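Labels A, B, C and D are assigned to the chains in the order they are written; within every chain, residues are numbered from 1.
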Amino acid sequence: MPVSQPTIPRLEEFLFGHARCPVTCGNHLEIGAGTVIPEVNFTLQAIEICPENWADIREQYSLMIEDLCRRAVELEVPGILFEFETLPPMTVNPAWGLEITEILSETIDRFHQSHGLRAALRLTPNDTRDHRRPPRMRSGPFWEGMVEFLHKAPHAGADLLAIESTGGKEVSDEGLMNADLKKVVFALGVLAPRDMEYLWGEILSACEGTDTVPSGDTACGFANTAMVLADRNMLPKVFAAVIRVASVPRDLVAYRVGARGPSKDCAYEGPYLKALAGVPISMEGRTAACAHLSHVGNIAQAVCDCWSNESVQKVRLLSADAPTVSLEQLAYDCRLMNVAGQSREDARKLRDWLVESDSALDPQAYVLRPDVVLRIASEIAREPTPYLQTRRAARAALREINRAFEEGRLRIPDRERRWLERLAKEAEELPDREEDLIAECLPETSRETFLPEEYGLS
Amino acid sequence: MVDREKLYQAILTGDAKSARALTEEALKESVDPKELLDKTLIPAMDEVGRLFETNEYFVPELLISARAMKSALELIKPLLAEKGAEPAGRVAIGTVKGDLHDIGKNLVAAMLEGGGFEVVDLGVDVSPEAFVTAAKDKGASIIALSALLTTTMPAMKKVVAALEEAGIRERVKVMIGGAPITQRYADEIGADGYSDNASGAVALARSLAAKVPAAA
Amino acid sequence: MPVSQPTIPRLEEFLFGHARCPVTCGNHLEIGAGTVIPEVNFTLQAIEICPENWADIREQYSLMIEDLCRRAVELEVPGILFEFETLPPMTVNPAWGLEITEILSETIDRFHQSHGLRAALRLTPNDTRDHRRPPRMRSGPFWEGMVEFLHKAPHAGADLLAIESTGGKEVSDEGLMNADLKKVVFALGVLAPRDMEYLWGEILSACEGTDTVPSGDTACGFANTAMVLADRNMLPKVFAAVIRVASVPRDLVAYRVGARGPSKDCAYEGPYLKALAGVPISMEGRTAACAHLSHVGNIAQAVCDCWSNESVQKVRLLSADAPTVSLEQLAYDCRLMNVAGQSREDARKLRDWLVESDSALDPQAYVLRPDVVLRIASEIAREPTPYLQTRRAARAALREINRAFEEGRLRIPDRERRWLERLAKEAEELPDREEDLIAECLPETSRETFLPEEYGLS
Amino acid sequence: MVDREKLYQAILTGDAKSARALTEEALKESVDPKELLDKTLIPAMDEVGRLFETNEYFVPELLISARAMKSALELIKPLLAEKGAEPAGRVAIGTVKGDLHDIGKNLVAAMLEGGGFEVVDLGVDVSPEAFVTAAKDKGASIIALSALLTTTMPAMKKVVAALEEAGIRERVKVMIGGAPITQRYADEIGADGYSDNASGAVALARSLAAKVPAAA
């Protein structure tokens, strides 16, 4: 499964707003064709999803999208992506999720007709297979709910379909808690790709013959979990940085089989996907602080095509509801990028300031440097299989981090330095052959949490 | 005589094999198990907790220490039970109905085990009934609830209601945690305590265990 | 009262982070000396300020400042300003406001000692004289509470003292609702300056002999009221833009008598103050969307020295409490400015992109263009009295707006065009002599809302 | 015969002098005041409202129209009263205790007057007792509360409680508004309605007036 001749961009052409393969979707919305647009995500305040609350829930979504569209028009955004990430009961019970999708889609269309708003709706059902341990990946009620949802989504008005797939998460979770690189590589490089091929086959068949664009998948359950734990001082940041890069080959599976982007906002590894798959990417950083505090607030923006708030609840702030506040912040961020983006030279300047803002302070920021991304990406591209790509990604990330630290271009706190060595050793010990890794790892898993046959292993 | 400092260090560095061996040796030498626990093992775990609190240790280090502690405790607990000494308590832990997040819950579970609690891990997406059953049939005197979604927070309230309905609310303590949880919310739903971090959860569980009615 | 020879900067030197007269305050915090820092404001969720709730209120503030200081350290901000804007009962009952001030100040000092955090606390008591109609401006319980508060503030730990003074607001409110330019100019150019001289005498005497810096005053009750009403389509934006500029001479009174800056964040007219008085300025824009939606989200940032969120309540968002979220967003915005600010040429580039983002879309944004600011500022500087400065400000703003509209550099919606003419006519009709304006306006006021003798008029 | 179209235009452009003169003339010509109100004046004000809603008119334009309407109404109301026709209703309006914002409140007051309501403006920082007094002694059947601060919102709840305590809650309707107010909050404190804009407030007041018990 080699990545077929990826055209890795030159550093000078690796810019926000420009992707090798732009995507057109929704109401004449072009993404990655020169303009950066906001992607706004919004969710409910604490409420139980149940029939008694359903009327209220419908109203909440209706109010949110109405407010958002109105303000988007007032702010004259050049385009906008709305993401509806369902809440788990809405995927388990597809009728619910689809009903909300319809409400959102109809409102967006109405604003397109009345005000010319260029917008599209990205629908992201939950990967509910993660509900149970051990998860059933290819059968059972959760799988069936998802499949039903996916196939009906295009007809309910989804312009883009995405997912945060969880194949391998049951193994990765344990690996993360123990900072066990081998286990996480097994999850990301062996299990996730197998699952994604299977799952994405379903998504692509759901989109086939419709206008719905299969967009992307994210290693959220892996790399963002590590990031959040690192931000709470629970895991070393160098470990989280390595996991970030190691999640790239997994994500690539979706694009190899036919996803077209934009990538999911919470895939902070997006720049690698843009470099390797040529797809436009959605990114989130400082303006997503409502959802994640992070150490990549500016650098995450450097080569984005959509700029997102990740997720915010319908909480009333002094000015407006929080989703509308997010939209306003994103819209102004995009204005700045688009003004600078009128000249490639200026775009590079802004990109580089965003990069210099963060890249020396945290290894997680450092591995998102466009120059680092391009170097590591070309290494990844040379490997033939997801596992070997994952191994290579981890090793290359460690090498880049180590070198930058030694050369004084990256600060690593004292307490993390012992981890640099430990992780480098673990990365070197990863076997050459995938079969050997599988043979090593399977005995260390328990059937209480993980069933190899769900991944075609046994 | 066994080197207490070595045992202390074995817990600290998470060397489970040594921790178990040294504990075995000490017990063979007829060291009082209660004394060994109070003077060496718990102080070692407290130091681990301190190192974690002060950001010296990361979770993986804390977990291997907790595992080393657990392997020592496995030898000591039966002896304590013989002498009628009570264990720290039994905690039933789970992520509430509709919520699938398990990392935070797992971390708290591991910390509680390392802290000497017996932990019944009910997993994720746990129904109120399952928590009631754990309290009734598995002898849990503390129920620990985790929720990471604002939309699943209300399920915590349902667990409290289910405990009341089952008539066992007074004899169990309910502690809650997770990203969206606040002290205010704990007060609102009548939970007995709230912690926003794993080692805080152990301290909370200890203080709640002290308040559990003797009958429990 | 001529502005004494203001040194209006050249456009190339009119930059964010650099003020002619930097201010040092708090824990070695330098403002306007080359680095832009965040200013974070935070307030309570709906709660009654009463003895029964007091313990809870103390705790809320304590939690907020603790969280903010911790995250500020993690984000390695080069410096930070915290603003505590009291809630009205805390000024009416100074002991309350001062107690919270002490809590905040002690926490900030603790983080300075333990982590080297460079921070200062800006304390902004309410101008409670506005409580009653007609307001008593120089006596009575509200005045006495304010005076007591001001004089005790330095000893409670306020590093900076500011106010949003309301002299003339009782007249301006009516003028705004009716878009009555004469009445608003009477309020801003005649009443407010008289009140500010009196009030600021008190503030300066409170700061004398202490380390507390008298910082600034804002026309919030005037120009921001107009801005918010314009944003809700209640007033023409051209009118709000004119009021913005017309509020400058009023603000200048504080600096003429001894205030040293930074100006208050909500004084969007800040660039004029920086140009004319040389003080560092605090500004708010897109990152203050939590408090105001606005049409100056980027341009407001162009020449700021502190960058603020205006105000946000302690609402829990998915990641953290909203004040901490604001801090994170501001800190990253400042990082970007400070990276670009390493070279004056780059700083100018970023400034100009921020300007070009917004300035053609709304007259309120247009009048904040640095070039426009400098032109109008030099006109203002040539007038000898606040009234004549105000008249000149209004006329110059209208002229700039008209010209830009005619030359196609500024868009004005159809429905506002009739207002351009109407306002120009009203501005031309403003008399040459202040006495004449007073004589025209007094008979149009009612003693039910306004007492001229409170301003030394009668 | 008086030119009805001219009167309509006088209201629309806010020409109070003409509005009054034309109304006077019409009444002299024995035009039925109820008919004049329903067929000319109210339609004119409705058009003003529409122009405002569709962002054609700004507040100043709306206010001068409301003033023109008021000057016409001053002539018509006494005649209507003679005939026993009811006025739209009496509204006591104020910004609640602790809150000093008056612009929003003033705007709603002006719109209500233009809409034919009698308005008792209690000002800002108004105590619950003052609202009760307005309902009891000044015959207000609708109480309109404004709050712009989240910290003063709870004062709205106190007004509702004070009305209950005074035993007059059923015979007055309570409407609330202001930046931080939501429908949810209105429901929570048991207010009868909520509007987030001035012309919405008039429509709300009309619908509430229709529901006021006849005894009031």
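Basically, a residue touches a chain if its C-beta (ideal position, glycine included) is under 8 Å from a C-beta of that chain, and two chains touch if they have at least 3 such contacts.
Please read these numbers as outputs of a predicted model, since none were measured by experiment.
K.L.:
If you walk from chain to touching chain, how few steps can bring you from subunit B to subunit D?
P.N.:
Each step joins two touching chains, and the minimum needed here is 2.
K.L.:
Quick one: subunit A and subunit D, Cα centre-to-centre, how many Å?
P.N.:
The answer is 52 Å.
K.L.:
So the centre of each chain is just the mean of its C-alpha atoms; given that, what is the distance between subunit A and subunit B in Å?
P.N.:
34
K.L.:
Which residues does subunit C have that touch at least 2 chains other than itself?
P.N.:
313, 316, 318-319
K.L.:
Note the residues in subunit D that touch 2 or more other chains, in rising order.
P.N.:
150, 180 - these are the residues of subunit D that touch more than one other chain.
K.L.:
What is the shape of the graph in which nodes denote protein chains and edges denote touching chain pairs (line, ring, star, complete, other)?
P.N.:
Graph shape, chains as nodes and touching pairs as edges: none of the named types, so other.
K.L.:
Any two chains that touch count here, so list every such pair.
P.N.:
Touching chain pairs, listed by label, are A-B, A-C, A-D, B-C, C-D.
K.L.:
With touch defined as at the start, can you tell me which subunit D residues reach subunit C in the complex?
P.N.:
Interface residues on the subunit D side: 55-56, 58-60, 63-64, 98-100, 102-103, 106-107, 110, 123-125, 149-151, 153-155, 180, 197.
K.L.:
Can you check the complex and tell me which residues of subunit A touch subunit C?
P.N.:
Subunit A reaches subunit C through residues 71, 76, 285-287, 289-293, 297-298, 311-313, 315-320, 322, 324-325, 328-329, 331-333, 335-336, 339-340, 346, 349-350, 353-354, 356-358, 361.
K.L.:
Name, in rising order, each residue of subunit A that touches subunit B in their complex.
P.N.:
Within the complex, subunit A contacts subunit B at residues 43-49, 87-89, 128, 130-133, 173, 176-180, 225, 229, 232-236, 313, 415.
K.L.:
Over in the complex, which subunit A residues touch subunit D? Could you list them?
P.N.:
Answer in residue numbers: 316, 318-319.
K.L.:
Which positions of subunit D touch subunit A when the two form their complex?
P.N.:
Contacts found on subunit D: 150, 179-180, 182.
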